[in-house]
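For clarity, chains are labelled A, B, C and D in written order, and residue numbers in each chain start from 1.
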Amino acid sequence: MHNAILLISCVDQKGITAGVSNFIYQYNGNIVAADQHIDDQTNTFFMRIEWALDGFTVPRTEITRAFLPLAQRFQMQWSLHVTDETPRVGVFVSKYTHCLYDLLFRYAEGQFKCTIPLIISNHPYARPIAEHFKIPYHEFCKFADNKAGVEAQEMALLKQSQVDLVVLARYKQIFSNDFVSQFPSKMINIHHSFLPAFVGSNPYQQAYRRGVKIIGATSHYVTEELDAGPIIEQDTVRVSHRDSLADLKRKGQDLEKGVLSRAVRWHLEHKILVYNNKTVLFD
Amino acid sequence: MHNAILLISCVDQKGITAGVSNFIYQYNGNIVAADQHIDDQTNTFFMRIEWALDGFTVPRTEITRAFLPLAQRFQMQWSLHVTDETPRVGVFVSKYTHCLYDLLFRYAEGQFKCTIPLIISNHPYARPIAEHFKIPYHEFCKFADNKAGVEAQEMALLKQSQVDLVVLARYKQIFSNDFVSQFPSKMINIHHSFLPAFVGSNPYQQAYRRGVKIIGATSHYVTEELDAGPIIEQDTVRVSHRDSLADLKRKGQDLEKGVLSRAVRWHLEHKILVYNNKTVLFD
Amino acid sequence: MHNAILLISCVDQKGITAGVSNFIYQYNGNIVAADQHIDDQTNTFFMRIEWALDGFTVPRTEITRAFLPLAQRFQMQWSLHVTDETPRVGVFVSKYTHCLYDLLFRYAEGQFKCTIPLIISNHPYARPIAEHFKIPYHEFCKFADNKAGVEAQEMALLKQSQVDLVVLARYKQIFSNDFVSQFPSKMINIHHSFLPAFVGSNPYQQAYRRGVKIIGATSHYVTEELDAGPIIEQDTVRVSHRDSLADLKRKGQDLEKGVLSRAVRWHLEHKILVYNNKTVLFD
Amino acid sequence: MHNAILLISCVDQKGITAGVSNFIYQYNGNIVAADQHIDDQTNTFFMRIEWALDGFTVPRTEITRAFLPLAQRFQMQWSLHVTDETPRVGVFVSKYTHCLYDLLFRYAEGQFKCTIPLIISNHPYARPIAEHFKIPYHEFCKFADNKAGVEAQEMALLKQSQVDLVVLARYKQIFSNDFVSQFPSKMINIHHSFLPAFVGSNPYQQAYRRGVKIIGATSHYVTEELDAGPIIEQDTVRVSHRDSLADLKRKGQDLEKGVLSRAVRWHLEHKILVYNNKTVLFD
């Protein structure tokens, strides 16, 4: 049997937890996980609650309608997810394939509850990997002067594949604002630095030049401003004067794989709420 | 104004969250933090819920009686805490004073919501520190043949000082089972290894000899079996062949300070539930 | 052009560094890396020194003979390596393929200076991976009653493939002492715990039961005693009461990949010296 | 008996290691530690070599003169240190005393080979701590309009106390370039962020606002440009949406203590070489 998950945010006020848990209890639901958070600065309430649908007396298709009055009473922003839905994920990649490889291995292992119907790249390098994992691969040469046209083709592919989430697994091209705006909190990027340090290109080179003793990687939702979206996950590793630029890249790539895969998994498990350009992460 | 905190564990069943949140809501309480956990292996439900007493219509002294019916209905193990209570902490220390120093500095900074009415030692070394922080210091020479008598004196002091929590800040003496049994889940020890590796004495020496590449520290509740109680917190740090035994001690002592102080803080904030010789930690 | 690398250990005494660096300088060698360590406990000197062969006036094949007098003078244990040699690595794997995948991806990326001529398994699961990376795959059913015979076949394959290093990438079978003794400090295992904690089988289960707050992974050279050989590398990651046994496995597997791959790379780069069942690691 | 330490940097060329180790060997010195590094980008050689003076046939006062010809031959930048010298350290502090406390506790424990003859502050808060550790405390009110005059007094105190190293243990005032230029690579600051992220004031507030998932601390040598000097050490710790700004400060302060104390210790042990606004750290 499957579970239902509610993600909720609203102004904090008395009775929200009671209201939501009563809703589940009155229809004979059994809560399997619940987490909540109150942001003191903005007086905002956040909740993730998950219950078993086995024995729940509201039919799966009626849950939204049944919950609506409560949502309206507290003026919630909310979304309902059922674990029998399988989100569809489109992956973009450029030259570096370590993140793609890692994602696909985890996908094959069953770590991600999703379907990956396509991979899009501006390079041919990842094609053998896509073929090994039997995922359609689309290659587009992309330059300043054909970007708008290529993006239209890419968008058409994503729509046609009914993609719910876009993952940029080291994709070097910057999307237009129009493109980005189609995937609000639904496009995850991996940046190979500890943001906000070393925004933009060649962060390992920047880190090497600055002589930092620790490097990092950051996964975030993509917004219009480059490398400035809500941060989902970060990780760091020590480096020393002995580490060449190539060592920084190698060490950093291991971080990138972990950081991106955790962000994707949490998103697919509906564990992330976005507000104020930050994330609440019910891991 | 102050908050009330409920710590609850019971067999998982439908309606617990609804029951508890309704209890708070019906008396006009505002939840400021709530966390729950279900242990699948044992089907056990754990909850920590905290609400503001400002506006709560049950008088502070009546909360226990008001909550009792619900507790009985779900056969809860539970405890109620109010943030106007200030727990009293007795600290034991032997030769090494780094943990004591660290605890007292944090205490002076206001990191711990507690009173420390006394420090007990089997050595004189920590006396100047106790004096600097103006805390009574009691010294007992303790040997195999006077242990029972000394323990009786120590226990009398702890009772007299109404101590709720005992912290062993690198105390080298092992207490009798009788003594330990007076402080169930109320005596915190710091062990200078990554348990269960290197139980017993000289863990740094053991680690040095084994040639580990990482060392650790562990805070745990004391039980009758040595170094085998429920683990509250652990931390690790890298070492290399360049690190002498003295380096291991120095690096490890920094771990110990952090690990012990976090355990003490979480205990004082009522964030720890013990079950099955493990801890649920609502940090 | 290529480099020569000397790995040296001997009783510490005056003049070793001068002797070795003079040897290189007198034949016009340019040192590109040098590291040394003195173990105070045993008064042992360790050195790794690497120099460019470009311009070095001793022919590549004569270096050993040229160095011999110095080695004898200081009664060194030593080995000479030239970076034009490509070590040959045989990999063993059982059911879990994450470490194998990771090793082969790094191998394909050029992170390891080696050739992998064969993979041996007691299961069929890794065959598609071996085929994807175009490496011969040998499968042997292995049970208590055919172990000696299978080991003989495995050894024949390793000899025939001229394997210099054996890597156990989550291989569940325990080799006989005879087999192990053929690869002194040349067989690397990954154990999925923070050794010496949780030796033996099901370490994640052991860790879960003990309620540790951090789990680890350890790579070590295999010796006759199970999980007790010289530790090469370890890493740890935080876990909490929220982590199920499956979560521990998933988190741990990411550690295993990193820890094993670093051990293999350092071995291949001749950065490890073994003594006293410990390692000196010139990373 | 004591050791001599040479810190050397020069253009990389053949024969440096041979030259230096011969110098020590010819006068009957026994090397106890040696480490070197070659920066490929700039073709620079760095070395730290330490040898026992027991039996060394050059008198302590003649070592510099004896070494000079070799230094000139390789056009070295170099410095000689003998472990019987006790560097003198002046500490500056403002309101936050956690770093000062930590430094003085380590000082009292013998972790630092130095003398601390004075503490200077623009606030009275640290005076009791200074008194507890019996170190003279000088307080100066410092504002925009009296800064030059106060700096002159501070400099006079430092000169008079023959201070070799200045440590800014959370000192909020920015020194004039003139002042800074008196302590090239001899003034260590702790910045409470993971530089180069969050330069300037209120880095915890900046980190909180940006929603990072990890915070850090950085110790560096002070140069004329704010928070832009050579980085000595960094460390990081995880934070989450549950952490308030106060939690970030508390967690960060523990980082700061470790990061600053390691930087000071390494400096005092002559383990740091500065070049290109970066550090080589022979830890």
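In this text, a residue touches a chain if its C-beta (ideal position, glycine included) is under 8 Å from a C-beta of that chain, and two chains touch if they have at least 3 such contacts.
This is a predicted model, so every value here is computed, not measured.
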Average the CA atoms of each chain to get its centre, and name the chain whose centre is farthest from that of chain C.
B
The pair out of A-B and A-C sharing more C-beta contacts is A-B
Gap in Å, rounded to a whole number, between the CA centres of chain C and chain A
37
Here the gap between chain B and chain C, centre to centre from mean Cα coordinates and rounded to Å, is 41
Check: chain C positions touching at least 2 other chains come out as 242
So in the complex, which bits of chain A are touching chain B?
12-18, 21-22, 24-25, 28-36, 38, 238
Per the touch rule, the chain A residues reaching chain C in their complex are 98, 101, 105, 109, 111, 132, 242, 250, 254, 258, 283
For the complex, give me every residue of chain A touching chain D.
37, 39-40, 194-198, 210-214, 216, 230-236, 240-242, 244, 276-281
